[in-house]
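Heads up, there are several structures right after this.
Each of the next two complexes has chain A plus one other chain: chain B in the first, chain C in the second.
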Partner chain A sequence: MKLALIDHFAHTGDSVLHRLPTGSKLIASGLLLVAVLSIDHILPSLLLYAGLLVLARASRSPVRVLFLTSLYPTLFVLLMVLGGGLSLTSTGVLLLSRALSSTLVAVLLVATTPYPELVAVGGRWFPPLLRQSLLLCYRALFLMLSLLDDIRTALRLRGRRNLLTAMALFVVRGFDLAEEQYSVMRLRGVDGGAMAYNPRQCGSAWMGWSAVALATLVLVGTSLLDTLWYGEIG
Partner chain B sequence: MSHLHLPDGIFPIWVVVISWLIAIPLLYLACHFVVRWGALRRVALLGVVTACVVLAMSVGVGIYHLNLLVLAGVLLGPALGFLTAFSASLLLALFGHGGLSLVGLNSIITGVEPVMGYFLFHAVRRRWPQFVRIAAALATVLALAISTTILVGVFFFAGFDTGIYTALERHDGERWMDDAGNQRHGHESSPVQGHGAHESMHGGGAEEPSTRHGLLSLLLITALLLWPLEAAANAFILHYMSRVRPALIVGSLNSQALESSASSGRHAELP
Partner chain C sequence: MTAELLAVRAKDFHYRHEDGTELHFENLDMQVRQGEKVALLGSNGSGKTTLLMHLVGLYGSANQTGIEVLGCHPVRDFRRLRHRVGTVLQNPERQILAPTVRDDIALSLRSAGLPEAQVRHRVEELLEQLHIKTLADRVPHYLSGGHKAKVAIAGALALEPELLVLDEPFADIDPLCTHDLVELLEELNRSCGTTIIMSIHDVETVATLTDTVYLLSAGGRCVASGTPQEIFSQPDVLEHCHVRPPVLGLLRQELLRRGVALDLHLRVDEAVEQLMPLLKSAPEDEG
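Take a look at the complex of A and B:
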């Protein structure tokens, strides 16, 4: 997974999708997810996937990275095929296209919205502790990625010996970083409650409502197409 | 192994709803216990451990990757361990690793690992404090066995029915069977349509056992082959930590246990 790269797109992107208010994007993504999951036929499902790829293009993020990330569920659908749980017929193709579309919805959301904003807006109903832990996890992730790079370099220089020791060292060093981070947080007055986050400047509210309306149209449209398709073959 | 990684749309909607109805109270309960046990100080560590889990789950060997959730349980305790499982599942789902609607189910199944891992590890270690590696390996294997059993149970009871089998098989003119086992033909209306119907998976009961058993066998064989890897990794890391930073493991106990262990000098013999 290209966590750092996708996060970079979210922070540096400047497309219409990036400027949409986060709450609207969350609602629109939820509606698109419902649309993806409610389709029972291949053609509408593939059309929706194609539409999402067009949306990915409109986000001005490298479509290739988003497309490759959306292919991830293919591995697990193939595993199910190998296990006999699915056949490579229309059913398998439909499940695969559903999986690809839903993954693309999630990746598109995270590639156009900085993660802290997602947590700040989407996590309003979470307990403060959970919201805090999600933000800390995000922060720690990049500390750990940097640490992982250092350890990888050290391993390469030393001839890749003792991978498990390197892993253990990675965890211990990560704990040291966390302790330092905690001390800094305490000094700044964090007491376990929710952490404040100032969201960046987003587009106007009408843009957000337009996005939600568009997603609703997609949901209704795909449902109608699905029903029509079903009617034709039924 | 127990991490589902299954994309959205595989399980029927009732599985998704029920799993969220179970996961949400568990999350609130975990937060409550974190405060009650005075483990707030370890919330910063939770971020690091979740990051480790996410990185371990992102870097796979083929289709397998380490979970490190038992390690999370041992180091953070059961409540924070469960929160780690949820945070990791949510973060991974946002980056395309598993379905967003299945985060609740993933959290329950993977959340079993840190909770069980914590109790099993400390149960063994209290009896044989010098055998850290054995305690870690045993806790890992047992915790994975329990979570995989739950996973298999979900597969067995829920299957993959999403209602689409009926529609497609009708399209193909294939026969399908109703709940009572009566065969019907293509153009009749389905007893179940759309989501929420689990009775008609693979067109009814006739093909169901073979397909389910095939998948479950594959899952179990893979699990049995890969558990030792996870156990070895956890055993090594915990053994290393017990030598380098024993306080990290001792400190994972809740405040009462920590006090009692400190007063009895239970961990004094650690190197």
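Take a look at the complex of A and C:
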């Protein structure tokens, strides 16, 4: 999964979606998720997915990367659909469509909003210790990704592509890394109350409210379409 | 030398790593005065990092004797020393913990419980001082090696430490950035009297930046200590420790071999001053 790349888009992007206030984006994403999950028919569901792809394009991030990332959870749904013998039924297609749309909403959110921003704004109601841990996780995650990259490169250069070897090395070196990080925290006097993040300046409030209004409109629109469709078919 | 003026004192000790590697810091009589700039020089495996980790209190035990930092025991007084000792580890990237440069510099200040207004003021000061104001809101993992080093140093300097411990601060940094950092350390030392102890491989920097050098051989033995001039005037000892003299030292050695005896000068301007009369007189002699 191209987590580093998505994080990079979130930090360097300059689209309207990037400039929206984080709080509004969180609310709008929540509304879109409700819309995705409340649709019971294929056509409105696919229409919503198409709309989300347009939104992904508008984010000026490579749609291909966002699309491929959104496929990861969909794979599990696909397994469930195939395992349940639903592959050719409308329920199977609807489930897949819902999975695609909901993960795309989430991917779009993280590709247009830096993770610390999400934790700082969305985690306001979390206990301080949890918020601190989530902020610490951010750097730790990237250090681990960098470690994994180094291991993969070393193995490839030495003509080995064994995933198990890579994972074993990653676990062993991961422990070293964890110990090192603990030492660093001690040296820098981090006692659990110092980690903070100052949210950046975002677009104006009206932009945020417009996004929320638009998402509400999508929710209402898709619900209406779904009901009409249900009415006609029914 | 009175005890009050000493920033660091370290006498012979022994350390065994978890993997069984043993280091015997013999013949070590480290006495670092406040405001002194000290370099630990030696080959890989000579224990430079291990010695520094003892000074910052990460290695060693509460019962260990022979090491004193700013009048405190580095392990027993670990928390007390955190506000007085700034540390930059070998891989600066790994000591950047916060999501942005600004927040990382503020980390130790917030840990120390300083009011937010004071934290912001100090962070701005450091950003300015290290010429990284434009990076303030950047995410650490997208910075270059030199910038990461500067951020790590800024974080270490946040609480205005009396002692700065740097473990190979110029590794993986290009010469221009190294020059910037050397100037910064010199400025800090001049203006704040910060004591600096660093492990280093770059002999050219040692020659120009430091007051005292401790030369360690494999296994941790301290084979020589003194001013850079004194250390770099001993080619045999340097060779024993797998340390190559700086270019000006090599030039002096070569001239000496050809029968031209010169004093060792480690700064280019001083060496030029010494060589100019010889160069001017050379064509006349031949003619």
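One rule holds for everything that comes next: the second predicted complex is superposed on the first by the 193 of 234 C-alpha atoms of A that agree within 3 Å, B and C clash if a C-alpha of one lies under 4 Å from a C-alpha of the other, contacts with A are read in each partner's own complex, and residues count from 1 in each chain.
Please note the rule applied: a residue touches a chain if its C-beta (ideal position, glycine included) is under 8 Å from a C-beta of that chain, and two chains touch if they have at least 3 such contacts.
Keep in mind that what you see is a predicted model, and the values were worked out from it rather than measured.
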| item | value |
| --- | --- |
| Which of chain B and chain C A:M185 touches, first, second, both or neither | both |
| Which superposed partner A:A106 touches (first chain B, second chain C, both, neither) | first |
| Contacts of A:V36 with chain B and chain C, given as first, second, both or neither | first |
| First, second, both or neither for A:L155, with chain B first and chain C second | neither |
| First (chain B), second (chain C), both or neither touched by A:I6 | first |
| Per-residue contact with chain A, leading partner among chain C and chain B | B |
| Touching partner for A:G174 - first (chain B), second (chain C), both, neither | first |
| First, second, both or neither for A:M207, with chain B first and chain C second | neither |
| First (chain B), second (chain C), both or neither touched by A:L136 | both |
| Set of chain A residues, in rising order, touched by both chain B and chain C | 115, 136, 138-139, 143, 177, 181, 185 |
| Contacting residues of chain A [partner chain B, same complex] | 1, 3, 6, 33, 36-38, 40-41, 69-70, 72-73, 75-77, 79-80, 82-86, 89-91, 94-95, 98-99, 102-107, 109-110, 115, 118, 126-127, 129-130, 132-134, 136-141, 143-145, 148, 164-165, 167-172, 174-175, 177-179, 181-182, 185, 192, 230, 233-234 |
| Chain A - residues contacting chain C, complex | 4, 7-8, 11, 114-116, 135-136, 138-139, 142-143, 146, 177, 180-181, 183-191, 193-198, 200 |
| Residues on chain C engaged by chain A in the complex (per definition of touch) | 56, 58, 78-79, 82-83, 87, 89, 93-100, 102-103, 106-108, 110-112, 137-142, 155 |
| Residues on chain B engaged by chain A in the complex (per definition of touch) | 5-10, 13, 27-28, 31, 34-35, 40-41, 43-52, 54-55, 58, 63, 71, 75, 83, 86-88, 90-97, 99-101, 160, 162-165, 167-172, 187, 194-195, 210-219, 232-233, 236-237, 240-241, 244-245, 248 |
